[in-house]
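Quick one: this structure, given as structure tokens, is what I'll be asking you about.
By written order: A, B, C and D. Residues from 1 in each chain.
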């Protein structure tokens, strides 16, 4: 099991202001519930509430709130990266977070392993219409490049019909196919995170 | 007006076999009808019916049927590139056609202009769910790289709700938003093709 | 000619701080010089110097500096969108700007034409290694979706060899192939912008 | 250890004809050598030598040579997917293979696990200039969607400077950074494949 004393974290991000309900939040809540059944505690971070500075290091100083978020990610075994879809692409806040994780390339142990090695990532993508797989493709590439492992079927997503404007948060009922994908994501990701935690990736020695 | 004696062509492609109705065909027919109103004659080429060899030149010999298709594209003023969505990406036949147009890079006049210069491209993308904008992004990049001009809103697309399996060809009625996008595409593309035909892009001297 | 009293603008963006030289700036300067020869005045906007709020409208209030940038874009006939490459994708500030232009969808005249119609976009993409074409693909899709026209070969780019760390700004000499691409971009974009300004896209009636 | 009696396979693909040396082959050979050190036997399949029909099932009949390739993939524990870069995108043969693996969605055991579950994929991407990360993004998404697991840093790639024409196969010496990436890929992928083989992903009950 993944230790609950070192709980799996989630990097939730949403552009919703204040107390507004968010479609991305709804998807992340479904994943959290599925992980909870597997004994994994989760914490949600609403990235829009933080001042994450542009930059290439892990601490850009001057009010940069990335260091705290980064620490939560490193304290957890699983990262569920939630992104809304904008222009059928990942949104600017998701991109900012990927950019900050770029620093992981230089943050290696004496065996050449990045600080993220052994952690498993999954993604949650929600939009009104179209773009979910492309967002997952971009996130997979970014997250894999900076050291995360990906279990099979590592995305839970929802989009409506082309040119529609329905929000996932407003659906009266979670579609069965979405719930099934959430369950698969949680099952595979938790299984793999336990394996990679108990059996660290080898270093270059 | 675009001359009907040098009619605008379309490179339709679809994986449908034999006489099966195709969702991509339906979208291309809508575009053809809209262009017809503007006096533009169109011709549909079902790429799946041709043996387009892999390769880097405009004629790979040995039964290669690309040369004939290439000539039709060059004889026309407009290229409407239809692609189904596979794995939320352009399909392999669309990619093959883009690869063959790669040869345009070396097919320039004495002013450095590719054979495609002055021609306007638009795309039609249809799938069961998700991926339309990413397909258009890839096609825009490929087509622009090989010399085509793009009018605003150069895509007509349809996809259904996430994880759905409805086919566009089976919709009882074309959604109003799709018809509107088709009309905009036809209007803008025909307008621009006339301009770029009557006013050729300048050469390097 | 494009009126110099209504000069073509550029939306430069870079993460360089203060007075540091920027590779993206260098590429934009090359384009500006090429456009200047064609009588086009340009203005460079360093997006990193502005506080562009997240949001879906053209004015998110509360210190949002997007409205001023938006006005400059609308006052110009050409938009040259410069983006560095991060994680082989467009950077977060470029994405933010695309998101804000999403509002153009609802900013149409009584003929259904977006405020951006008739404007021609081009892109400048610079990075240490890899990713330029993908960045151009994403920008083409976003810019075309929000109403911009694209001339053939609408990108000027430079990247170094895989896994390298050379900066474009540090190259002792601009590579001949880059200068050629810049000249083509400027020639085609200026030609097309004049055509689409003098011959507005038709409306829906 | 991964059983050598059930050796890890590779799906090499290249457009090189006959006996010509291929850049993609060179990269795959480096990976094979690194895996060999870890006791993993590999087999290379040159996809261009096979007639892989378009289609949605695992056997399209009529001379379709996909079934034999599919079986080799399923017999192995690791899939190294090699793709050249065309138009800065995956090439048409790589796309065809992804399309055929689409059938895995319906090929599940009584616990809902696809035939590919537990297998680890990695990718090798080689081109003259630009596009490697985007190709890896597309392959990651496609391979993950059809059930493969991805170890950290699952890509080995090489591209030259922008607009260059150097081939990887012609480099007098493999760059140190490439060899390092190859070693990391082999180390992580082999480690993870052993874990997921010995500890199958859980089913839905």
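As a convention for this text, a contact is a pair of C-beta atoms (placed from the backbone, for glycine too) under 8 Å apart; a residue touches a chain by one contact, two chains touch by 3 or more.
The shown structure was predicted, so the numbers you read here are calculated from the model rather than taken from an experiment.
The set of chains touching chain C and also touching chain D is given as A, B. Annotation: B-C is the more contact-rich of the chain pairs A-B and B-C, by number of C-beta pairs in contact. In terms of the distance between Cα centroids, chain D is separated most widely from C.
A straight line joining the Cα centres of chain B and chain D is 30 Å long. For this pair, chain B with chain C, the centres built from the Cα atoms lie 25 Å apart.
Rounded to whole angstrom units, the spacing between the C-alpha centres of chain A and chain B is 36. In chain C, 87-89, 133-134, 137-138, 141, 145 are the positions where the chain touches two or more neighbouring chains simultaneously. On chain C, the positions that touch chain B within their shared complex are 112, 114, 116-117, 133-134, 136-138, 140-141, 144-145, 147-155, 183-184, 187-188, 191-192, 195-196, 199, 201-202, 204. Within the complex, the chain B residues that touch chain A are 87-89, 129-134, 137, 157-163, 175, 177-178, 181.
The part of chain A that touches chain C in the complex is made up of residues 15, 48, 54-56, 86-93, 95-96, 98-99, 102, 138, 141-142, 145-146.
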